[in-house]
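These are the structures, in structure tokens.
Below, subunit A partners subunit B and then partners subunit C, in two separate complexes.
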Partner chain A sequence: MTGPKTLVAAVTAGLVATTPALAEKIFVSNEQDNTVSVIDGESLEVIDTIEVSRRPRAMALSSDGTMLFVAAGDDDVIDVIDVESHDVTSSLSSGPDPEVIRVDPNRPYIYISNEDDNIVTVLDYEARTRVAEIPVGVEPEGIAVSPDGAWVVNTTETTNMAHFIDTEAMQIEHNVLVDARPRHAEFTHDGSQVWVSSEIGATVSVIDMESFEIVHTITFDVPGVPREAVQAVGVELTSDGRYGFVALGPSNRIAVVDQESYEVLDYILVGQRPWHMALNGDETRLFTTNGVSGDVTMIEVNSLEPVRSIPVGRFPWGVIVVD
Partner chain B sequence: MFGTARTEVARVRRAALAGAICAGLAAAIVGTVGAAPAVAADQLRIGFIGLERGDREPVSLLDTVVEDDGAQGARLAVEDNNATGRFMGQEFLLDEVVVARDGDAAEAFRGLIADGAEWIVTALPADRLRDILGTDEADDVVIFNAGAPDDAFRNEECHASLYHTTPSRAMLSDALAQFLVFKRWQTWALVVGNSDEDRLRAEAIRRAATRFGGRIAGELDWPHTALARRAEGGFHAIQREVPVFLQDLPDHDILIVVDETDYFGEYFPYQTWRPRPVGGTQGLIATAWHRAHESWGAVQLHRRFEAQADRWMTPTDFAAWLAVRAIGEGATRTRSVGQEEIVDYIMGDGFQLGAYLGDPVTFRSWDRQLRQPILVTGPRMVASVSPQEGFLHPVTPMDSLGHDAPETGCTS
Partner chain C sequence: MTYLRCFWGVVWRELLRFVHQRGRFIAALVRPLVWLIVFAAGFRMALGVAITPPYQTYILYEVYIVPGLIGMVQLFNGMQSSLSMVYDREMGSMRVLLVSPLPRGFLLVAKLVAGTLVSIVQVYAFLLIASLYGIRLPTDGWLLILPALFLTGLMVGSLGLLLSSFIKQLENFAGVMNFVIFPMFFLSSALYPIWRLRESSPLIARIAELNPFTHAVEMIRFALYGQLNVEATGIVLATTAVLLGLAILGYNPARGMMARKGAAAE
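Right, the complex of A and B next:
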């Protein structure tokens, strides 16, 4: 089970829907406003703004799709939002400065990077207990869980590594050195690779899950944009194995990468400093958070065109689509 | 050792820490990086030289008296390097020396080398750095200058062993000038202190004016030498004295105070004859590092530093941190602790150090100066980061700050 995204894909395929994603809602965390904006998938307008704890960044859905977890770095908590009512129903103690969170597909666990403490914390969100604390390198940031739940990948920004954590033993088994300041990690949907972006290095390292070695390094060269403005942050991969999307931060672009050949196919101009992205259920739309311009760009995946920009709060950081 | 106060505390502390980490983690680490489990095998020893603080205290009571300027930055970077090193089978060691005011920096330098340091980080002013560069041993080690902003060391006095992680006076002055031109505050008046450093900074500001289109409408020398940290009621005199001192200056957009030693500049904001902002070395300043800087993950570095040092990170701490991190990055990427391999790497195209400044920082080939963005900041909030948009450069906008390749006077 990989959560609601797959579910929606199955449903829409069955109905041959022409108007996609009718009931979808897009949740956007606004880092500086201490809010989460809720965008209606049909009207593409903000229909609600939820007050959360301070400095909300990464978000993740519970496996059953009913709860949205929001990491609030300045309050050391994870807020739990009911995705139907938009109420903050509780807050989980997360350890210091939670930044990125991901949910285990098999167990009620949240993996948390604690940026200030050089640890990855594992929380049981049902029992509300701390399962493990795993020491990693300096400034843990990106977290990814393999589709089968066997591996957690954590990137550390100053150590410049991807740490591979065995989720049974809850300890590091492999370390792979990547380019400077690694940010985001994302598994391909078949679990055979993990893509790790490096903000300062401006690359994506594609790491093979058999050999735990880098099999390819994707580089970006945006015409007319200074090299320093090209920084790789968010990564989103389509489940059909076709596209990889990489948010290039201050260059204001999203790179479109061929998942097979690793060739960069296009650069899509969006708002200012895109950070993270999310595909909708049937993967016809890609939403980007543009931190500096305070908006979300909606890109049509078929045409690779940006078609709508939606103002949200200040410094939108994370985005997640819920059906 | 004569003239120096030697401390072994850092080394002892470090060895204990590395041991604890290895005991806790070595079993868990399989060697995807490095063939063997990460037992610290390769050691790299860095020496740090600071200078005993002078008698004068900062003029504002809000400023803490810093006794270990630079050393704390080097210590934090050694911790950061060792966090990676434990996965790589590399261990970084730091030996620290603080040279007494009447001590001999060259002697301290030789002592560190005799103890095995191949890398030296200095938080020293120009005259002490010059003493070190004059030794025969200077040819055999790599020296990172984290304390002297003097442009001479990037030009006619450059040395093949000398690298700079602290920005030069020209870089700081250019960074401020670009922001003022962006603001269209192009007419400046200068008040210059009477130290040699102030005169050098004033020269750099005049150079920046010429480069970026500033105009210096008038200039005054502050006639007084340093006073004691003010006793209560100091403002009574200042409130009368400063406006009168400034009243004959031609009109200007900003008053630039040049006071590197910080003995009068802080008295000028709000006391000017004309209602004008104050910048330069006080007020709106250009600096490599500042507590108000919060972008690009900077808060993470502030927090790590403050947890260790129990005070704010100074620009000298930051420069020392950068130096030790550059060494660490070179060791990580080359998987070597060899001096030659690391130097080749950090001067090569592949080197990119994350410095919490948005852009990766790298070394200039012509004078071994770290090219770095410069903060332009008020006392409590960052106003901007230079280079400013619109100041074009054929290679990188960062080279619009300081002495660019065609201008360099460095030949070694």
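Right, the complex of A and C next:
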């Protein structure tokens, strides 16, 4: 029953088109398809699908923004994709089952959580060598690097801890107990706090980087949704210190949190089981990966409105926006 | 000029009647709001409705049923307008209208437009309360639905007129509720998307697809999101033309139902 757009709709579309043209590309890893989908930021359509190694999950950009690293858990490698040509240019040996990866802002290092081996591997992607293997708790997952590069936080899903690794000594200096099954860590842009989400606990622990103590625990309650369907996973923080976004898994919601007051401002409906998110360069749009429904929802940050859901591959996991 | 004066006379009377019947206005608002606030809240679709055009992402059920409830407001109003025709006939005030030298068809269309305008006022009052309740709708959609509201008002109003030419007594309105309003509303895409109906019964889905009210609701739904659903609009236009034609025929003293009924009554 769809029909073509009217003149009125064309006027509406014209209004949308007056916003500056976005040259951004959105890369999405599809865990069960062994592919990375590339979405055009302007048309919001999939323009390319890149074959990668098996079970691609987390992705990270090199410091110069030219290379996209994709952790492929079943092949124990990090695939390197050229963000211009979309070619897989090489693969780095990552140690067993790499899940989450992050890049050091100062050095050519990739920090990798090896889920099966209870270690965090540090890889030099220029020299293609392993710099260190740091023993952590059981089932390491979330990784975050502080903006100054001095600290790496790793969360372990079974130990329920956030481990603070000194990147000079390459060893754990502090441990903070958080709620059950910590999945993700994200630093505030001034580096003063790190937000750690707990999937089963359905909370976000805000940890102060001076005292290494939890200063606040954010809880979530989505109206009309059973408590067990609310699971906190991905976290994204705007650089202006305004919003924190928390992906709430099977509740199909993204929570919007005030970074100052920690108050939950809104719950935004997206596709099924969102896990991870990415903001675009000017932080006007937020993209979520909805694993079960196999799509990516684009949210406008100013209005906090979900605008469109774009079908990608099976079980989209990670997402990164490249300008 | 005479036509315009007569037209305004009919419209003015309808608006006055509407303003004076506060109970009717409140009932017209409470009905869809009960659905929106009680039914939609209790309905287990808090996890979102899958994407169907014109929606581009997942929506809440309460957002889905808004166009259907707009249709409901207009459907009830159209039927109530027809009830007022029966009332006018019983009370004798219709004679005042009938002494007008203008064609019967024109008087009926004026009556129809008047009823439609009243229904549009009701729709906007409903939308205002719904948005205060927290239902998010596209801002430009408020204006874009206006032509769709007008067409829907004409369609259900024509149906009401046609029915009123058959109904002789006020008491028969309960039958209209049971046999016209409820089936038209429930067997449509107002409350559930057609694909959802098909999952439970392909027959009900087929009936809903044939129901002109479904197309009115879809026309409103698409208009709300700045799109023209050509198929739905075409069906609504065609249905309106047929129903209105039959109603004018029905009210023709020489050929219509009135003649037969009048003869029987005397």
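The rule is simple: the second predicted complex is superposed on the first by the 303 of 323 C-alpha atoms of A that agree within 3 Å, B and C clash if a C-alpha of one lies under 4 Å from a C-alpha of the other, contacts with A are read in each partner's own complex, and residues count from 1 in each chain.
To be clear about the criterion, a contact is a pair of C-beta atoms (placed from the backbone, for glycine too) under 8 Å apart; a residue touches a chain by one contact, two chains touch by 3 or more.
If you're wondering where the values come from, they're calculated on a predicted model, not measured in any experiment.
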* Asked: Is A:Gly149 contacted by the first partner subunit B, the second partner subunit C, both or neither?
  -> neither
* To do: For A:Glu139, decide between first (touching subunit B), second (touching subunit C), both and neither.
  => first
* Examine A:Thr297 and indicate which partner it touches, taking first as subunit B and second as subunit C; both and neither are also allowed. => second
* Touching A:Gly271 in the superposition: subunit B (first), subunit C (second), both, neither? -> second
* Scan A:Arg181 for contacts with subunit B and subunit C and give back first, second, both or neither. => first
* Should A:Pro108 be classified as contacting the first partner (subunit B), the second (subunit C), both, or neither? -> neither
* Asked: Touch check for A:Ser251: first (subunit B), second (subunit C), both, or neither?
  -> second
* To do: Using the superposition on chain A described above, determine whether A:Pro306 touches subunit B (first), subunit C (second), both, or neither.
  => second
* Could you pull out which residues of subunit A sit against subunit B in one structure and against subunit C in the other? => none
* Touch list for subunit A against partner subunit C, complex -> 1-6, 8-9, 12, 222-225, 229, 251-252, 269-272, 293, 297-298, 305-309
* **Interface residues, subunit A side, partner subunit B - complex** => 115-116, 118, 135, 137-139, 156-161, 164, 171-177, 179-181, 199-201, 212-213, 226-228, 231, 250
* So in the complex, which bits of subunit B are touching subunit A? -> 24-25, 28-30, 32-33, 80, 83-84, 87, 297, 300, 303-304, 329, 332-333, 352-354, 358-360, 396-398
* **Interface residues, subunit C side, partner subunit A - complex** => 41, 46-48, 50-51, 53-54, 56-60, 136, 140, 144, 218, 222, 226-233
